[in-house]
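Both complexes shown next keep subunit A, but they swap its partner, so subunit B is in the first and subunit C is in the second.
Up next, the complex of A and B:
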């Protein structure tokens, strides 16, 4: 098991390296970050030349990549030429956006798992029943609904038509505490939490519906497949009761492919965050990515893409580990 | 020498109600099995042997249903028992081993866990005692180093060892009846012989009756006291093993015997091909005797009516209008 882990971890290094380099190359095609300076009458061409040199922009791509990588791992103060946050270290900017994205991505993921796994099992155990058809309908609805459209519809219905939820933002600017207007950051933690939850409810709902749809279907078909396996019949022939047959013998096998699937859904999660954050004006990583790309902010975009690559690769790695934990056939191979 | 009756199957019918029509997989079979006796049930693949055995344990999956008959086990009809009562019988009074030791064991649990489960369900023992008993059982079925093998997973064992583990599981609660459905079919010839030896051995030690199901008449000759030959869900010939092999009267049995290399007579020298033609489609069964399209002795009567299972001499039942005469000497045994 330990060797397996070490081997898998070592395999990640070249993968990460390759992804980062390809991204760097692609982002460098996005545009010249110094081009915008040319139109600025206060900046002399020599200054631009000097800046290019400082940022190694006058070197070949590979060399530039090595310098970039070094700076990414050991960032200097004020590293990166950020248009979105001028003068600030790009990584600092990104770091400040992470908690909110984490909060609502992780919440939606956990909720989606907690909802889709039991519903998928239920659907499989009641195949072709009315509830199975209902769940199937819901699942296809969730999967086929474009996230941006669904998000806008929800916003229109629940924020614009009836004012149950706020239309935008991750939290209110002010909260009313004991009859007084208090700045959000000054309010009690519990009030901050409730306010944030209220703001994030709609975007979380959008992501949960989307993910639940797919996972529910996968869980259902996995369970259906396992239900007719010989070992399930063996268990029943042994006199094992139905509950144990389902949860001990069938479920343990049915969940194996789902774990991989959830691990592989990381890219989808990031894409989903980008769309929902942009629609609901939540200042998380997703919206930052969108803005970085739109404003050709090469440094922010590159840093974000690298972080996403690491997250995706880590997601796969975690899925692999979980896979080995639940499937004894993996461990020694 | 009147033996005590253990199992009497009366006119048992198990039908599959599929979208394409009703498949009469078990179509009114009658069988008697005495305590401590081995009854061989023989027939080509697709004849309904597995469905018959699963019917006894009431483990036939949808869309299969019992369509009549009785299964009198120790004087009580299993078809009238509650699901809870059935569960107590499965694995303790009636145990079953299956064809594929590869798939019949759950891949995510250890051998020990799976054998122990049966003991924990049916016997009033604690975990420690159950574990001890499991190791004893593994030892009894000839698994070397039972203590280490206890914590091995099925994929770490050979097919023969897995089938031994299955037998340990089945025998762990000293069942009155063991159903062996093609238990050795998937194994090499040498391993097959060892497993048969083991079963015979245990049958004497534990005093279990065995319903020994196979498509291979040669195995029945070694194992069974009584032989029932089935064709398309019906018993076509039933007698003690010696009679069936020396004096087969049903054309189907006759054909099966003639095709076994080890049993052919001196005159025929070469094994004949198995019976001409193939089993009919279960959705499109022939009228009259199911065997008539393949039977060299078929007459118009056979094409119109289904013959009854009749006793043509004491203890020898045949379902045929024109039982084969002068079959003496078809087999060397």
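Up next, the complex of A and C:
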């Protein structure tokens, strides 16, 4: 097992290296990030030349990449300079965006799992019943829905037509505390939390519906498969009551593939966050990615793509490990 | 396989015929899949008949004026224009019809290209094994670890423009699943007697792979490709929505929604129908794929 893990971990390094290099090449292809600085009247052409030299942008692609990679691994210069947020380095910019994305991605994922696992089991235990068809339809709806359109429609219905939720942003600029307008950062923590939750309700809902569909289907088919296994029949035959059969014998085996899928759901989560954040104007990682790519903010885009690639690779790795941990029948060698 | 059945008829014909007939019989019992198939047929018919169905409107013409409102841009629905006019005063209904051609074509073609690439890689990896297998599977791992949507956006920003570019961008990310499936199937198929027999009479690896192994891996590939069509349609729509996919003036369901958020307050009717069209199509493909999975997999059929 340990040897297997070490070998797998070593295999990941070339994959990550390849992804970063190809992404670097592609992102560089989008255009010269320093050329956009010319719009600023305070920046002289010499300054641009100097910046280009400092960041090794006047050297061939491969050398430029090596310098970038070195700085990414040992961030002395903070992963480069951000064109969109002048004066701040990329690491700072990204760090400031992480909490909000983490908050709403993690919340939506946990909610999706908590909702879909019991529903999936129920669906499987009542196969071909009316509620099974209803849940199946709901699951397919979640999987087939273009997230961006669902987001826009929810915004239109619940923020524009009826003002139940705010249309955009991660929090209000001001909160009313004891009859006074107080800046968000100075309001009590609990009020900050409620306000943020109220703002994130719609985007979280979009992501939950999107994820629930797939989880529900997986859980249902996994449970269906287990339901007909010999050991379940044996348990029933020896007179164990239904509850125990389902929760002790069937559920524990049916959940195995689901646990491993959590690690594999990262790419979808990243894409989903990118779309929903862009639509709901939430200043998190996803929106930053889209903006960085669209405005040739090369260092920001590269740092984010690399982080995503690492997350996905780690997710796959964790899925592998979990698979062996939760299922003692699987032995890696 | 097709060639064999054509030439010598006989047992091969009746057997393959009855296999697909059984599949179809099982599919027919799957009500949701049959409804999906019907809806897809209807959709294809509608987009093929886009011209006669668009009430004499052209998706590219800017309409000078409409009688029921002062400005033709963003005009609400009215006689002759059932879904109103878009922000450039073009008929929204005819754009939905013609946009459907683009969206469906992109979905189909990307899925087809993806399946072909996946079949090829899966076959060579599974059949040759060893170093070929290692290289192909590492490359598949690499593609699976790419953050798809951000990289698609970068790619679309680099190779801006044509329909072919969009198809290329989506296709290169839709073959990995098929490759893995096919490789797995081939690994078990190549140990079976019929492969050994083919090798024994001296058939070339290419012939064994494409004539003997490929047809036997088709069932999971068909399912995966059907489901991939839905995913590809959503990818196209998302890219076009972000302004990086199909470019104006060519309509697609995605780029019709490109300005939807901006016009949400003034012309909310514009954002309903392209989205509903996408939803119906992807739902239908997902249901059909699900039905096909049940029909093609005899183990699941109880």
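Couple of notes before you dig in:
Here is the rule we go by: the second predicted complex is superposed on the first by the 301 of 333 C-alpha atoms of A that agree within 3 Å, B and C clash if a C-alpha of one lies under 4 Å from a C-alpha of the other, contacts with A are read in each partner's own complex, and residues count from 1 in each chain.
One rule holds for everything that comes next: a residue touches a chain if its C-beta (ideal position, glycine included) is under 8 Å from a C-beta of that chain, and two chains touch if they have at least 3 such contacts.
The structure displayed is predicted, hence computed values, not measured ones.
Aligning the two structures on subunit A places subunit B and subunit C next to each other without any clash.
Of the two partner chains, subunit B is the only one touched by A:249; subunit C is not.
In the superposed model, A:148 lies in contact with subunit C only, and not with subunit B.
In the superposition on chain A, A:271 contacts subunit C only, with no contact to subunit B. In the superposed model, C is the one of subunit B and subunit C that contacts more residues of subunit A. In the superposed model, A:7 lies in contact with neither subunit B nor subunit C.
When the two complexes are overlaid on their common chain A, residue A:19 makes contact with subunit C while staying clear of subunit B.
In the superposition on chain A, contact of A:76 is made with neither subunit B nor subunit C. Vertex at the C-alpha centre of subunit A, arms toward the centres of subunit B and subunit C: the angle is 70 degrees, rounded to a multiple of 10.
Of the two partner chains, neither subunit B nor subunit C is touched by A:189.
Between subunit B and subunit C, the smallest C-alpha to C-alpha distance in the superposed model amounts to 9 Å. Applying the stated touch rule to the two superposed structures, the overlap between the subunit B and subunit C interfaces on subunit A comprises residues 228. Residue ranges on subunit A touching subunit B, taken from their complex, read 228-231, 233-241, 248-249, 252-253, 256, 326-329. Per the touch definition, subunit B reaches subunit A in the complex via residues 54, 57, 59, 61, 87-92, 95-96, 98, 100, 103-109, 114, 117-118, 121-122, 153, 155, 166, 169. Against subunit A, in their complex, subunit C makes its touches with residues 32, 138, 141-142, 144-151, 153-155, 157-158, 230, 234, 237-238, 241-242, 257, 260-261, 264-265, 268, 271, 274-275, 278-279, 282-283, 285-287, 290, 302.
By the touch criterion given at the top, residues 11, 14-16, 18-19, 23, 26-27, 29-30, 136, 140-141, 143-150, 152-153, 155-156, 160, 228, 267, 270-271, 274-275, 278-279, 289-290, 293-294, 301, 304-305, 308-309, 312-313, 316 of subunit A touch subunit C in their complex.
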